[in-house]
Structures are given as C-alpha cells and as structure tokens.
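Each structure below appears as structure tokens.
Both of the next two complexes hold chain A, though its partner changes from chain B to chain C.
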Partner chain A sequence: MTDLVEVARHDRDPTAGPDRAGRPPSSCRVTGRQVALRRGAGALIVLLPLTWALQRALPQGGDIVNRGGVPLIGDLLGKAWSPRLDGEFLEVVVDAAVTTLAFAALGTAGALVIGLLGGLVLSDVAWARRPPWPVRTVRTGLRGALVAIRSIHELVWALLLVSVLGLDPLVAVLAIALPFGAQTAQVFGDTFDALPTRALRALRDAGAPAAPAVAFALLPPAGPLMLSYAFYRFECAVRSTVLLGAVGVGGLGQELVVSLSSRNWDEVWTLVAAVIVLSAVVDAWSGRLRTDMAVASCSEWSAGDAGGAAGTGGRRPGSRWARWSAIAAAPGLVVAWFASGVSLSGLTSERTRMLAGRLLDDLVPPALPRGGAGEVTAAVLDTLAMAVLAMAIAVLITLVVSPWAVAVRRGTGPPGGLAMRSLRWISWLVARIVLLVLRSVPPTVWAVIALLALFPGVLPGALALGVYTGGVLGRLVAESWESVSPAPREALVRTGVPGAVATVAAVVPASAQQLVTFTLYRFEICVRETAVVGIVGAAGLGRLLAENLNFFRFPVVMTLLIASFAVSVASEVASRRLRRAIRA
Partner chain B sequence: MNEHVVRLEGAGRSFGASTALTGVDLTIRAGERVAVLGASGAGKSTLLALLNGSLQPSEGSVELFGAATAGLPARTRRGLQRRVGTVSQGLDLIEQVRVLHNVNAGRLAEWGTPRALASLVWPHPDERALGALEAVGLGWAVHERTERLSGGERQRVAIARLLIQRPDLVLADEPVASLDPTRAAEVLGLLGRATDSRGTLVVTLHQPQLARDHCTRAIGLREGRLVFDTPIADLASHLLDELYARA
Partner chain C sequence: MTRTIATSTSITRLATSRRGLFVGASGLVLLAACGNDDSSPSGAGGDTASNAGPLPISAIPDQDPEVLNRLYGDVAARFAEATGLEVTYTPVTEYPAVVRGFEVGDLAIAWMGGLTGVQAAQRVAGATAFAQRNIDAEFTSLFIATRKSGLSPFDDVDGLSRLAGHSLTFGSETSTSGRLMPQYFMDQAGLSIDDLKGQPGFSGSHDATIEAVASGSFEVGAVNEQVYTATVDAGEVDLSDVVVLFRTPPYYDYHWLARPDVDEVYGAGTLDKVKDLLFGLDPSVPDDAAILDLFGAESFVPTENSNYDQIRDVAEELDLLA
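Our next item is the complex of A and B:
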C-alpha cells in the first residue's frame, strides 16, 4: 500500500535535463510574460480541480454529519486511556502481530523473486546484445503485464484471490507478492541498466556463459541497493498486510476490523498501539539499514534518485547492521513460513482449479453494472474527487507538521539557550510521532472512523485517505527538506538580511519545489488507494468493486478493473506531464 | 582621506584544537585591491569569513569600517554586513528561482522586510537589476531558471547580485579557480567594476600573474600566519616559493 517508489524511476528522460554546454543563449530565452502565464496556469491547475472536487464532495443542502454517529466517536475517544490490556487479549494481539510480520516477510520474499527475474528480463544490460525477436516480444508483453499488475491495488488483489482461494493465508502472501513484485521488477531493471557495463562485457568477451557472467558482474554492484530496497519493501509490506485485514486474511488488520465492527473500542486502542509500535520498529530497522549503507533515503526512493547511487554501489556495503539483517533473512523466512501456516496445496487443489476457471470464464466479456455507464462514470469522478481532496488535506497536514519534523542541524539554528534548544527538540519529536501515527493507522481504520460521523460519500473517503497520506507525505517532505542546502540562506544573512526574510527568500523556493514534486508523485498513488477507502464503504470505484464482488458479478468487476486501470494510467500520465512542465 | 575599511590586530581563529589563523595584523584602506595568496588550507577562507563578520575572532580583534565586529548588537552588525559583498566558492545561489530573484537577493537587506517579501511573489525587473545583468552579459537570462544556467553563467549571476548590492568591500573566495585564463581575467575585471573607484576588493587567488594584473597589493598566508604583505610591484618570486614550499 505504501508504494512510495512507483513510477518515478523510469520517467527520467535523459534528454530532459538542461544542456549545459554549447547551448546558444537565444534558444532558452524566457520572457516575463511567459513566467506570468505559467504562474497563472499553475494556479488554475490547483484551484479548478479543488473547487470541482469540493463541490462534488459537499452535497447540496443535504446533511454531511451523521448526528447518530457522533456519540460513537465520543465513546471511541473516551476509551483512549483505558485500552484492553488483559493477558488473554494481549496473547491475541501478539499472535496477530506475528502473523502480520510473517505474511509481510513471505510476501516481500515472493516480490523479490518476481522482481529479480523480471528485472533481469526487462533490463537491457543482462542481454549481451540486442535480444532475439521472441525475447523482445515477450519483454514487451511482460512490461505491459507488470504495469497492469501493479496498477491493481493489493487490497483488490486480495479480494479477487479470496474468491478463488477462499480465506487461505496464501491470499495475503500473493496479494503482496504480485503488485510489489511487479514494482520491484521495474526498479531492479532500472538499477541494472544504471550500472556500468564494462565488467559484464569483459566477462562475456572472455567466453563466460550468460548466467554466471550476470551473477558475477551485475549482482555484486547492485547488491547494496537491492538489499536496501528489499527492506524498504518489507516496511511497505507490513503496512499493506495490516490493510489486507479488511478482507479477513488474518493478522493485526483483521483483529482491528473485527474490533471496530463490534465497537469494542478498548480493543481498538490496544490494536492501534500495536500497529504503531510494529511499524515504528520496522521503520527504524529499515531506516538504520539504509543510512548504514548510505544508499538511499525513503524520499530518494520515491523521487527516483536512488539510481544515482547504483553506479557507485553502497559506500559501506559491509556494515554490520546490514550484514546481520541479510543473514537473518533466510531463517526468518523459514520461521515465517511455519508461523503463518501457509501452504502451496491450496494452489493446486481441485476446488481452486475449478473456481479459477470459472472466474476467468466469467471475467470476459466485461459487462456494465445495473446503473449502466452512468454509474461507472460517477464512480470514476468520485474517485478523482476523493484523490484531489485527499491530496489537499495531506498537503495541509504537511505544511503544518513537516517544518517541525525536520531534524535540527548540528551547529546551526537559533543561538538561543538550552530552553530554546530543548523546545525545538521536543517539537521535532512530537511532529515525528504525529506523522508516524497518521501513516501507521491504516486508511481503512481512518475511513471506518470517518464513516461513524459522516454519511458515506466522497468526503469521509477523502478525509481518511488525506489523513493517512498526510502522514506519508509529511515524512517524505520533511526528509527531503533536511537535504536543502543552508548555504544560500547563510549568504543572505551575511549581507545583512534579517533571518526570517532570508529563510523565505532562500529556503522556501527549494522546499516548495520538493513539496510539489512529492505531492504529484503521491497523487498518482492516492488515485489507486481510493480503492481502499471505497472497499470499506466510502465512495468511488472501490466501493462499486466491493459491492459487485460480494454478489459475484464478475463481468461487472472486469469493467471496473479496466476503468480503474484507465484512471490510474491517466493520472500517471497527467502527473508526469506536470512534473516535466515544472522542470522547464 | 584614507579611511580604514578593515583593521585586524593580532586576529586569529581556532576551531576546537586546530588553529586556522593566528596573530594576523592587517589594515586595508579604501580603494585597495588585495590578493590573498597561499596554499590550500593556509587560512584564506577563514580570513574572508572574519572580514565579512560571519566568523568572530577567537583571539585579537577585527574592525570593519571602524567598528569591532565582536559583541555588536544584531541590528548594527547587519548594517555593517550590508556594506560587505561576498562571492563564495559555492556561489550560494538559490537554484530553484528565476535569475532575477537571485540578483534582487543582493538588495533584500536594503529593501526591508515588506518590500523584500513582496518582491519574492512579484519581482519587477527595474533598471538597476537589468543593468547589473547587462553588465555581466546576462541581459537575456532575466527570467531564466537559475539551475538551468551553465557554471560560468551562474558565476556571473553571483557577480550581478554583488553589483546590485553596491558594497564598499568585496570579498571573493577563489572566484576563478575553475575558469580558463580568458574567463578568469574577465571575471576579475567584473569584480573590479563591482567595486567602483572608492570600493575595496579582497580576493583569494592561486595564480600570481592574475594578482599582478588585477590587484594593487598582495598578502601571503602560510599555515595560518601572515608571511608577507607587499605592494604588488614588489611581489617577488622568492616570496612565492616560500609560500608554496612544503613544510
């Protein structure tokens, strides 16, 4: 679910960068008029969709707040200080946490296998020369298939798999492994292509067969990057597994859904705390690994900057933390296999074969829902409105929280005394915790809470998704702000400009650019994630999808999947165009 | 009247246990063009940082325009710093904004807060800004995004920012380190123009020939100490040999 990386990496266009040398100055003259026009266009691009989405979200004259539900929120908040902590329930929680970790680990392992194989097929480097035409055909097909696979949200994958495999633990593993694997293949393929090819060519020229040559020349330099990406994916997989609880495949997520729907608020608080602790530990672990290997921070992964590190490899591939993490992975997976009770027998059973056959038969030809094309269009518009509003909420949260979440630079900052410094440190800690809580509580839970107080529709979905995305975006942006150079600001201060003015003049432009870039990346992901809040009943394509899956209307499901695919590809293209336009 | 722009008396600066500069006595008068020579790590950058008030001396005293920089109230210090223009090695440009913003950054201090903030939203390319850009040959780049310019062009943006600040003292830290000889002479010529007849220039250099062509005085630093201070005409080669000799 937290696919932070996504499409970023492959849209780096080598010709898009500025051509520094030999460019006649006349070719890039920009007039003041053009700058003004661009700003106007920028304002319209923000304001028009926002106004439209707001209009769509707020029903004319109707009630927004469900008065009957408000006391429930009060009950929920009232239990915050008395979570259920008896031994019996804690045992359930620990069990569920272990299951969640096990699913996430197995799903990540599956994704890595898919990603490694797919990445080798996709990368140009692995093929010594232009591959023969059958390979090229397969590659084109594979590329398309991978895009389609990752455009379907893991929760939707889980829903589809449940209708074939039943409530098998395998559903959770596959629902993670398939979309994550497709994404990983893309990233690994790009990583291989970014490596210097000389070593590989030398081996091949010396007569080494393809497979050993690749294993010797490609994998070691890509190793640190791949290891760090693997743990980043694991971090994402833990959150996604919690989310998958909504379809009932076990783990903390399922316990949360059960407790929420039976309104056992004291249990909800215990489980939420468990989810937060689990993601904090996994975050810290994988973050430590990444800083140790000096490969890439989360924000670099998301912005697609990690490719730059590929050429040099990690600076310290031998860090003890990384080494032990890699060594612990194999036995960890064995433990996970037994702890989760996964077995492959479900894949080959007679029942599965029959159901899969029926599902595939039923999916084609696609059919329209009972409401006709109008219902699909309305759902598509709801999805877009929800994504736009969610991003607006997320940006607001980021603007309020992230400035405090930027780590204090050593040796700089206000010259204030100890009191000022500790105040700044405490505000940093609070901001970080707020962001962690916002993104650790799955959006399904935010949506269920929002649906207590608001009538189903675009608004509760946007709120839930916005709060969650705010946690993700806020952390990414804060991380990227830490890398904004302090030198221009200090230069201004040196010429006698007051500190605050210098900050606005020198730091804000750089920070704004980071914020815009990440907002556009997250928007693409947000469009896909509307499925999540839809499935628990908010609005949009996700809601329609869940309804029709419940009634096994597979031809309609197929139509909705195609519609989701189209919407997510369209938003990807739009966001990529905007990003390119901004760089100009 | 030869007013003292800068006066250092036994000035030095240590960072923890390591001493970057020590016991420097130096007086620079208005209109002088001083080349600071010395090997890497001799203390040249530290000297410039003392001169623009971004570092305080840990020994001795530094006077700027007749006022000691240590212990000044913030407002007074800002007033002094406005009269000093610095081009650092990193240029310190704001990469994400239009060139015009970076030029106007030179007069944010002069403008005061409200006008400075307004200019960030809506910059007006007035004659002074355009003139500064024309002077460095970048009249065409007013609305260009700074990060899209080449290295040489960005350096000239930094000089345009200096021109518009109209400082009484210009400090330049190795402004020609990565330039070919023609460009280097061009940049030093521009820096000379940034300091009009009354203005003062202090520039760190590695090439003695450029110092001879563009400066009136040379000082040599070695291991944090001032080893010579001489009119440019007397810059003899034995002084330089001593400066760059290995310890």
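Our next item is the complex of A and C:
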C-alpha cells in the first residue's frame, strides 16, 4: 500500500522522478522498431480490454435492448422543452439548491481540514529532518487509511453513515468530507513537498518551534494553490451532493429522486436545469480563480500536476477575485452551517455510539454473498467491464466535442474574417455547454434513462457513466489542449509545411498523450463511480452492494467493500504504471 | 369499497400529473375531510408531555411520493390530534430507508409492508405490529401483462411457467406484493428468474410497475392488487393494453409497526391512543372516511407479529432475509 502511494507520489511530481532526471533524452535512443513495438503494445492495451468488456456486456443470446421502453425515452426527452416552472415548484427548487450548496460547502470545508492536517503529516518537508519512527509508523498507517477512505465512493459512505446517524444532515457533510479529505490530504502533502523549503529551514535552524515555523513558512506560499484547490473540490462537491440525494439527505438530489420516482419528467428537467446552472456558476467562479492566480488548471489538478505548479504558485497573489473569494469563504460557511441545520451533536450522542458499535459488529466478520465467491468475482468483472466501456464512450465524446471546446488563443486564431472567427467562437460555446450538460446531469439520471431502453446489466451502467464521464473528460482534455504549445506547429508552418500536415506532426502527438493520460486517470475514478449506477440498478459491485444493503446483510457488505477497495487500488496502480510508462 | 377507492384515487391520479392540480385537489380534500383541523397541534396535549420532540412517523414509498406526502400529511394530523403530540411525517425515497430509520429510532411508528416489517422486527427486538387494514389479512398480488406479449389469463399457479421468455418487472426489491410473494409463486410454478427475458426490472413502486407495463416497457409486471384496482378505477392511466393474467393466493401484508420504546419516549399511553384512533375510524364519519379512502381500506383491525411468520418463512426460503 505504501508502495502504491510512493508510486503515486513519483507520478505526481514530474520534477522529482529520479529516473526522469537520470536518463538521457529518450529520443536519442529509440529506434523505429521500438516505436512500432510500443505502438503495438499500446494498441493491445486498448483493444484487448475493450473487446473483453464488450463481450461481457453483450452476452450471447441474452436480450439487451428493451424495445418496449424506447418510445418512453422520446416522451421524456420531449418534456425537456416544457419543464415545470410555476412559482410553487421553483420555490422548492431554490430551497433545494441552497441546501445542496450548503452541504457541498460544509463538506468541502471538512475535507480541507482533514486534508490540511493529513497533508502536513504526510509531507516530508513539514518535518525538519527524517521524522522519528513513531511518526513514520503513523504515516504509513495514515497513508493506508487515506487510500481506503477514498476508495469508497461518497454515495456508499452516505449509505453506511445513514445506518449510524439516521437521516441527519451530517450524513451528507461527512460523506463528502471523508473521501474528499483523504484525496485532499494526498494533494496537499505533495504540494508542501514541492514548495521551496529554504524559508522553513531557516526558521527551524534559527530555533523556531515546528508549528509556528510551518504556519509562517509553509502555509503562505501554499496558500494560493490551496485556495484554488479548495474551489476545485467545491465544484466536485456540488455534483457529489446532488448524487447523495439518492440516500435521502435533502437538496436538489433528493428532489430529483422524488420526481424521478414519480416519473414527473417536467420536474426532473427543471431540477436538472438547476443543477446545470449551479455547476456552471461554481465552475466559472473556480475557473476564474485559477486563471487569476495562474496556479493550476482544473486539468492539472486532476492529473496531480499541481505539485509541479507549486513552484510558480502565487504569481499573482494580489488577484482581487481570489481575495474576495477567500474573504467570502468564512461567512459563507457560517451561512451554510445555519442554512443546512447541521449539528455536530449527532457525532457524540449515545445513540450514535451504540449504532456505530452495532454496525461494526454487523460488518465483521465479512461473509460471502449467497452466490459465493463466484458472485463477487462476476461483480468485480462487471464493474471493470462497465468502467472500460464507459471510458470508451467518454473518449468518443471527447474526440468529437473537445476539439471545438478548446479556447482560441488570441492572435493564433484561424485566419479569416469576423464571420469565421465568430463561427469558431459559437462552436466553442456550444461545445462547452454540451460538456457542461453531460457532466452536470447526475449519472443516476442518465442511468434511469438508459434503463428504459436496456435491460438491467453492464451496458446501461456503462452508457450512463460514459456519457457523464465524457462531460468531465472532454473538459479536462480541452483545457489541457489549450496548454499545448503552438510553437512547434508555427515553426513547421513557417518552413513551408502545409497547415494540416504541421498540425498532425506537431499538435496531435502532444494532444494524444494528454488524452491518454487523462483517460487513464479518469478510469480510476470511473471504477469507483460504477457504485453510483450500480445503486440505481445497473450491474457490478454497486448493484450487489445495494442489494445486500437493502436486505441488511452487513457481513456481505463488508466483503464487497473490501472487494471495491481491492479493485480500486488495483486499477489505480495499473493506471499510474501506464501513465508513467507513457511519460517516460 | 370500489367506489370509495375511486374517489380517492381519482384525486390521487390528478395529483401526480401536475402539482398545480395536486394543490387544488388536496385543497378540496382538506376542505372536505379535515375541516378546520390543520392548525399545528404541537404540545397541545400536556398530560403526556415528554421531552423527546415530535413523534416521527413514516411509510414505505410504495406509490408516487406526492401521493404519499398528501396521504401521510393527513394521517400525521390525525395522529397529532389523537396523541396530543406534534407528529412529523418524514418522506423517504426507498423501502430500506424506512427500515433503517425505524432501526435507528428516527421513526417511532411506520407503515410497513410485510417484508419490510419482518426486516424491521428482526433488527429491532420487541417491535410490534399492531394494526392492519381489513384487506391486509388476505392480500393479493396480480400479474399483469401488455397485450402485445400474447399472454392470456390463467387460474392456476402453474400457469406462471408461461411467463418464461417474457420480460418482467417487479416493484421495489423489498416489496412483499410487488416482489417477494410474486417471486415465491413463480418459484412454486417452477419458473426461475433466469427463464425470463433479460434481467427482471425493479421499478421501485407499484405505480411505476403499472406504468412500465402499460407503456410496453416491460411485458409482465407483478403488482399490488389494491393499487392496481385503484388505478383502474381512477381511469387516469391508459390501461387499454393491459391484461390481468393471474391473481395470487392470499397472504398477510401491510401493517403499522411500533418501536418498543414508543410509550417510554413519547409518553405513556401514546401507542394506545394511536390504536384507538385507527380502530375507531368510522367510514360513516366524513373525516374518518377520508383517511380510510386514502388507504384504500374499510377499516383498521388489530394484528400481531405472528401473522407475518409466513412472510418470514417465504423470505428465508427465497434467501431474502439477512
């Protein structure tokens, strides 16, 4: 497990990899044959899992498409043009949106607290010298715990917490704070380690105690980065809070579930529109913050490159936007606290202690489901197949939409008149909106739609997850393409190479590498997110988990949690190894 | 009985199509049924004062959530009046949530299905089933089908084997009349889930099952007979393409379940007051009739835990208990 995190850390920090620094520039040594071999291996890595996943999703002789349900999809999509907009319902929507925002804000705040504390313990730089052995032991344990905590999806956390806390708003906050906090600790730890340490060392050498030294020398330079990451997390938290509605903890998500189960599609579309607007506003805000502070783009965060950006962090610490965002955060949280009616009393109550004890008692020792180990294996394979197919769909969406979603650089736009440029601008806007809609409609809604036309199984889950992930991946890739340097292409064009050829030669390879990196990265997340579509009835570990939770078979639930953990860690290791191989 | 159901569900069905209509309809019901009774009864009692806060009740979401909100809103008002306590109805979105809420004590009294009641009683020692509707001792499920399936009605359980090769949707995964008993009778007829076309669906509620079959999304559906009859009488869903294939033999189903500590937490005599209210509902009194209508019942009668032994045995047989 520690090894895994080490891998992750090297992978994270592009400047620190010794293999990278130590190796001569690889282009000198690679022969044509090696390139061909690598390409062959790459093709196999893509094609084999895809073929296998398709075979698993389309069983021989089994029925997949439910023809009866297809006309319903037309009906419900038609309702999108007449959403419910009367005052009474809009009031419900606004209330729910406020609740969602409040939960997301508090969850993010909790995640940041966990992340800051965890990050300090994990980072090497916070410890003046080699930390003493008790700290090292604690660190190893903590790393393992953090990996375990984030391998469980928010929605599953919520389902477990409901058994302990009941229908307490705290469930939503904790379900966000725990897995997000574990992720944040990892990122913050890496961020600290990537910072210049001179100031901290000077303070420590001068005899300053550890805590003030860290507070004065480490936190300020990390500040802009942490603020921008906080808002990035907040973006994610808004979407996750909507998903948590399935558990019944309130907000837009719960309203969505109520309207979905009443099949009131006019209401569903109003709520979906609210989710889209909320996401758009928060995305825009946090995007503005990142551009202003020039710390890291969303895509860099996601790929874990932020540590590398830390060196340049705070280039414009005077950004008014950032300052106001930071200032607004504290009162915002207070408002969120009161608006959501969260109280910590649930944590310490006698009942919680009793129920937590009971849940733990129920969970161990783990037991196999009725179908035995075979059922778990089948669910694991279904989960993987679903994730692979979802990624295939997501990549397809990215390839079609993302090229249009790349912002046109000033001065390097396509030649041509105003009409050409405004056409390009409109296509950019449309592509961005398409991606926003795809990722803002919760995968549960996509799954409910997919389950109308397809029998429950791997395929509807993959479809729902793929469409959603397409929205996320498309945006990440588009943003990263924006940073692909135009210089090589321009150089080629100046030497007389035709534009199209120059693009293929100079832009495509770099862009392709970014696409591959993000695809692998999202694959890890996708594996975890299969839980979401499983819970609404698709297939895989999530489906089995929901079924066993419905029947209160906690020992089986424990087995499935362990299985999810193993799958999630395995896919993470695999994806990181591959990403490293590609970078090398 | 049919007529009373018709009245209640025609309102119900209207309610589901548009909330605007729902407001109008529920307004009528309030006027007709509850009269001036919507003032908050919190703390009005006095003699049973307790510091445990309002009495929380809920119900399995076996029908459209909006229907249930209205139904249990009215029920909560009557409970409050009877107990002198403030009563809150907590809507939930899935069957197991009611069992969980009951287990952790977030719900003191809940309207359970046969299987959810058994689950809850298994997780809360001493939980008592204390009331059921007159129809619940001989409850039945229907297998319904779309005409396009080419299936025709049959009278014998063995006829269920004809469903092989057709697509089927249940209601909620832990529904008694929408899943447990239908699957049990399918089992009796030698029809396994694997014999169906595709995986069986779990629509989530009886209304959703009826809609799925009426629209042809699934060929066959297993549904609670009372809800189906109410839907037919309401005439709001186009059922012209739906045939009733088979009515299952009767079994015990829905009931009110109370936590063992209700009197302790909410004041001595609380449970008895609720029982008195339910058993005393008189169809000839308009206010009472309104509640009974909403439940599709003529009266509430006592029940006891042992009535659900059959459900427990069946659930065990089908491996559907913890």
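Rule of thumb we're sticking to: the second predicted complex is superposed on the first by the 554 of 584 C-alpha atoms of A that agree within 3 Å, B and C clash if a C-alpha of one lies under 4 Å from a C-alpha of the other, contacts with A are read in each partner's own complex, and residues count from 1 in each chain.
One rule holds for everything that comes next: a residue touches a chain if its C-beta (ideal position, glycine included) is under 8 Å from a C-beta of that chain, and two chains touch if they have at least 3 such contacts.
Here the structure is a predicted model, which means the values were calculated and not measured.
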| item | value |
| --- | --- |
| Partner chain(s) touched by A:250 [first = chain B, second = chain C, both, neither] | neither |
| Partner chain(s) touched by A:224 [first = chain B, second = chain C, both, neither] | neither |
| Touching partner for A:466 - first (chain B), second (chain C), both, neither | neither |
| Chain touching more of chain A, residue-wise (chain B, chain C) | C |
| Partner chain(s) touched by A:552 [first = chain B, second = chain C, both, neither] | second |
| First, second, both or neither for A:110, with chain B first and chain C second | neither |
| Sites on chain A touched by chain C in the complex | 62-64, 66, 68-69, 71-72, 84, 86, 88-89, 162-167, 246-248, 254, 257-258, 261-264, 267, 351, 355, 370, 451-452, 455-457, 537, 547, 549-554 |
| In the complex with chain B, residue positions of chain A that touch it | 18, 20-21, 23, 25-26, 28-32, 34-35, 487-488, 490-492, 494-498, 500-502, 504-506, 508-510, 512-513 |
| Chain A-facing residues of chain B, complex | 52-54, 77-82, 84-86, 88, 90, 92-98, 101, 105-106, 108-109, 113, 116-117, 120, 125, 140-145, 147-148, 150-151, 165, 167 |
| Residues of chain C that touch chain A when the two form their complex | 16, 18-20, 23, 61, 64-66, 90-97, 99-101, 103-106, 119, 122-123, 146, 148, 167, 173-174, 197-202, 204-205, 207-208, 211-212, 215-219, 319-322 |
